[in-house]
Amino acid sequence: MKAIIVNPPAKGFELRDVQIQEDGIKIRILENGICGTDREIVNGQLSTAAAPSGYNFMALGHEAIGEVMEDGGNFRRGDIIMPINRRGCGKCLNCLIGRPDFCETGEFVEAGIKGMHGFMREYIRDSPEFLVSVPSDIRDIAIMAQPLSDLEKSLEEILSVQGRLYWKCRDGTYGCRHALVVGTGAIGILFALLLRSRGFMVTISNRRETTPRETRIFQEAGISFFNSSRGYPEPGTGNAFDLVVEASGSDASILPSLLSLLKNNAVLGLFGFLRNGVANLSSTTLQNMVYKSISVVGLINGQKPHFEAALRDLVQWKHMWPGVIESMITRRTIQEVEQNRNILLNKQPDEIKMKIIW
Amino acid sequence: MKAIIVNPPAKGFELRDVQIQEDGIKIRILENGICGTDREIVNGQLSTAAAPSGYNFMALGHEAIGEVMEDGGNFRRGDIIMPINRRGCGKCLNCLIGRPDFCETGEFVEAGIKGMHGFMREYIRDSPEFLVSVPSDIRDIAIMAQPLSDLEKSLEEILSVQGRLYWKCRDGTYGCRHALVVGTGAIGILFALLLRSRGFMVTISNRRETTPRETRIFQEAGISFFNSSRGYPEPGTGNAFDLVVEASGSDASILPSLLSLLKNNAVLGLFGFLRNGVANLSSTTLQNMVYKSISVVGLINGQKPHFEAALRDLVQWKHMWPGVIESMITRRTIQEVEQNRNILLNKQPDEIKMKIIW
Amino acid sequence: MKAIIVNPPAKGFELRDVQIQEDGIKIRILENGICGTDREIVNGQLSTAAAPSGYNFMALGHEAIGEVMEDGGNFRRGDIIMPINRRGCGKCLNCLIGRPDFCETGEFVEAGIKGMHGFMREYIRDSPEFLVSVPSDIRDIAIMAQPLSDLEKSLEEILSVQGRLYWKCRDGTYGCRHALVVGTGAIGILFALLLRSRGFMVTISNRRETTPRETRIFQEAGISFFNSSRGYPEPGTGNAFDLVVEASGSDASILPSLLSLLKNNAVLGLFGFLRNGVANLSSTTLQNMVYKSISVVGLINGQKPHFEAALRDLVQWKHMWPGVIESMITRRTIQEVEQNRNILLNKQPDEIKMKIIW
Amino acid sequence: MKAIIVNPPAKGFELRDVQIQEDGIKIRILENGICGTDREIVNGQLSTAAAPSGYNFMALGHEAIGEVMEDGGNFRRGDIIMPINRRGCGKCLNCLIGRPDFCETGEFVEAGIKGMHGFMREYIRDSPEFLVSVPSDIRDIAIMAQPLSDLEKSLEEILSVQGRLYWKCRDGTYGCRHALVVGTGAIGILFALLLRSRGFMVTISNRRETTPRETRIFQEAGISFFNSSRGYPEPGTGNAFDLVVEASGSDASILPSLLSLLKNNAVLGLFGFLRNGVANLSSTTLQNMVYKSISVVGLINGQKPHFEAALRDLVQWKHMWPGVIESMITRRTIQEVEQNRNILLNKQPDEIKMKIIW
């Protein structure tokens, strides 16, 4: 079958016929989503990327929508599904209870990233336990459920961490809590939407003005925008946040500013991989973390319950905020990728999320 | 009455007669504990220290054992009590539910530190709701309950934060989890004992060899010691920890090393106030926080439930690890302080915890 | 203004002009939902019903959709809202933190039921803090959000209670858990839908065969039906449940059968008010509750976070299960009620949920 | 070796030489505790009792203190240990995470009760993972740790269940919560002590006046006593409880009275096996469970973390409440049992807890 393959740590990718031995029910891939990790791999920048053992190549891709080709488990031929991308180590307790997002050994595999063939190919075989059902209402936007699953898990984790204190408001909601999401990529916008849908006040920031498309999205969903090109506001009650989510993956030097924006008992969630630079944290900054009971938490990977939640949320958002998710997605065919390799190598101007149609 | 008073931000202290207006039942102070914060205040180094409004002085001291002089609430004349040191702002939800350790406004007051007279004086008056009963079995070591209360709260918070994943072991205990406590002051040792008593494997570290007294304590309680004067071990499974507690208050530059010691899903608790320096966190260190789902949490202040837990633990430890807590305490009389002001100004050689007897 | 009023404990209702003093922003009522409690009040059967102090009548109704007539809080003229029906006692901690569903004093008030005028009238005035925004996408079915809010809270409580053990499945979801909902009224069906949307396997039961409308609903949402007219199945693994929700409000004698259906560690949620009869629990049944670690929990009242969750779910369900919620609602105008009082007094044949349009 | 053996469902016991094949490190049994379950087995009254497969007898006994005879795991020759009595099914998630107290399959085994040889014999062999260390300070009373472990788990479960609401008091403790423990056997008294040590107000009840020994215990620990021989008080705020624990194992007809004693949001914990009779719960009683958000929970079996907590608590209680635990224990030698079989068959007058010394 045709597949987009890589051979990390080598740069580049190929679109060619491959043979892959797998068990499970047969699934025809309909679409793949592209994210920054995919582009890092094809650009030879992800040091943890590794082909499955026994292969000298790896099919790329950890975001996919597919059509079930044969009955299996609770699935029937014709069902539209999304496969889960990270699989457990089979050893640690967290993997045994279905939560390889908290794998203790680090021996998990991840489709298209580490030790497991990805989903950018005509067909996969997979066990029904690793598939989730895609509601027909959102087939057009369902590819967003994979990145959103990571954020569902992240918010679940943040709320769990904040369970260390009473963090709800006087009306029992999160309506008094103000979140800042740093970065307006697909992850940043999805995180902002998720927080809005859970009742938070949300500000999103980037180091430039918004594009018209972003402006429409933020207006529709009631998200404020802050242009941080001249820095973040000076600390002070008026400009402080209960939650800051780093989703920009920019320079590490941003960290002290983000910490200074935090209110008492606030949390800083690190989702983006800060690519370069150094964060210089003064002793005063660190003392403030103590005085103010601040928590910082690294956020990664959603699992099956989070895929399910993501799909539920996408159905809701599609009709709560009509056009918002649709407007985030750029469609490309596999033929376009074949003809214009650059599409896969580099994020295109004004692209928020690209998907490839097989 | 006689009191040890300060007038922050001025340096120094006085032992003299003062008049303080207070409500509540009368309590004769028997002992005060001295901690680093007290010494910072008398040395003019704590910028947040502030006398109560309407006073040009503040009685020092947030650790005390007293004897109730008149019936009140559930207390009877002659009862031995310990007063709680931080009091709520009366506004935010966390203060309303008895948890000013998570005060949202920052307008809490703290005895002998900020906006409230401390306990280093012959008498105080206080409301019974802010007093906890001291079991007679541990009257000699009960002064430790105040610092320990901070750690009871800290461990409760750490375990709550780690509730984000399944963090217990295959036998339902914490026996497979390895904690490192950085610093062998009173806080470091108490934290190590607390973790031991909850079943953790515990290593404690300092940048020197142990004193004979420390050696005895660590042996009795089954705590390993690591001399970090030549740095911490290189990262690697064998040297990694599930929990690191910073309790040294040393230089901020220690932080990257501590982060590198953390296993997947581990937590770094910041309890000590890192005094100087800068922590330079590389983007790789920050990426690892994401990949490894690491959390960092600022830890401060215990409240009434933690004072109660601390007193229960001290009873247990006194008999589980005979002599350990007793050996940590240096007794000084108020006369000694009067004659040798240096005792209060500076930590004495080989002192772990000093208390003043009135 | 015109209002449907009652004067408990007297039977009957009137539709007439009344004067009610209230503060807050003005809201024009668009629709009211009718539930069993309303009918109990008009039939003089609810002993806890009581008019507001200072009034010799009470406007009925605790389910309403309204249109905001003047700006206030975060609301703007023209916004569609739903008011929350229970308001706190102002004394206990749970009411202070916005959770009068767990009022400790029992001194809460409840619109149209106890001590507070209800919403079956042309206008109300209310504080913005007690209003939630209705998405325009679901204006036709939003009246369901009030009863659903009670179930959102109930499921949240059930999952919290089951936090006493590890209750998720090997894939981290609830997909292996089997729930039985007893009763096919509006509450029963909504609870079944809620459990389905959270991934549970769901069986619903009644003591008769399904109506064609019910058949369509259960098929669409993947809910199994069991006719319990000849009793529940004998205990045994194949017929046992992890969760049973009593939503029929039938005779108390049903209870031993329901308890016998529970697996180890299962939970029985009591939502319906069992109207008559006696539950005879043998010592063997009670011993089984111990051996099997069974919990039983009384479930009542949703608050603001649950109204918000209910509205989110309704958006999702409308498009996941098209036509399902719509088919549950019977529309009646206020003129119809005026002309045919029986509509309000008694549930009509094949009615699942009735709403009145003003 | 000599062992006390039974052959359920047959009545009676023998003290004779047996051969038992086991793996693990060798342990010499020092003491066994006797509880109601043991006496039910020897009297042929426990229908779930069953010898291990392949044996036509079962060594009795699930409460033991032993001395390690050979190094193994973290244990050294001479260490005093207590073995855990319930072992997991090896299949369900709760057993895999060390919590067979919540076994889902029911296929756990239990020493001296079901499918596993008990500890009433000269020697056992066991795996170190099922042993907990006994502090030397409490060797005399440590046998109480097994029953207490069940209660540690029970209270942990109760507090987890009550996590469904905010159940702490305005000072962050449980000091405003009033618990009633029904029954003054070893379980009832230990539960009352546990609740006291966690800060609850505690009343204990029996259908007679207290013995002098009980009077001393209750006075020392600050426990109130209520003689329920003429019934429980009429419902009303003054007589209501936040928590009722059934620890009497008496007649099921007690249940409606206990439910009527519960405040809003209260919990009824069922620990005792109600032996006979029927609980007739009226529909009003069941409606009250809904209106008042009441929970009922079956409580059984502690695991390793609870054994550890029980041993910690016993150290504390020994010195907080001197003489209390000691006074609860009647010592008997194995020779006495040999000569007077009745000691094992029936609870002796004024016996609270009996232990057998080998």
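Letters A, B, C and D mark the chains in the order given here, with residues in each chain numbered from 1 onward.
Criterion: a contact is a pair of C-beta atoms (placed from the backbone, for glycine too) under 8 Å apart; a residue touches a chain by one contact, two chains touch by 3 or more.
The shown structure was predicted, so the numbers you read here are calculated from the model rather than taken from an experiment.
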* Relative to chain D, which chain has the most distant C-alpha mean position? -> A
* Asked: Which chain pair is joined by more contacting C-beta pairs, B-D or B-C?
  -> B-D
* Distance from the mean Cα position of chain C to that of chain B, given in whole angstrom -> 49
* Separation of mean Cα positions, chain D and chain C [Å, integer] -> 40
* What whole-Å value do you get for the distance between chain B and chain D if each is reduced to the mean of its CA atoms? -> 36
* At least two other chains touched by the same residue of chain A: list those residues. => 93, 96-97, 99, 166, 168-170
* Which chain C residues qualify as touching chain B in the complex? -> 93, 96-97, 166
* Structure fact -> Seen from chain A, its contact residues with chain B in the complex are 48, 93-94, 97, 99, 101-106, 157, 160-161, 163-166, 168-170, 251-252, 255, 263-265, 270-283, 286-300
* Asked: Which chain C residues qualify as touching chain A in the complex?
  -> 96-99, 129, 135, 137-138, 166, 168-173, 197, 199, 303-305, 308, 312-313, 315-316, 318-320, 322
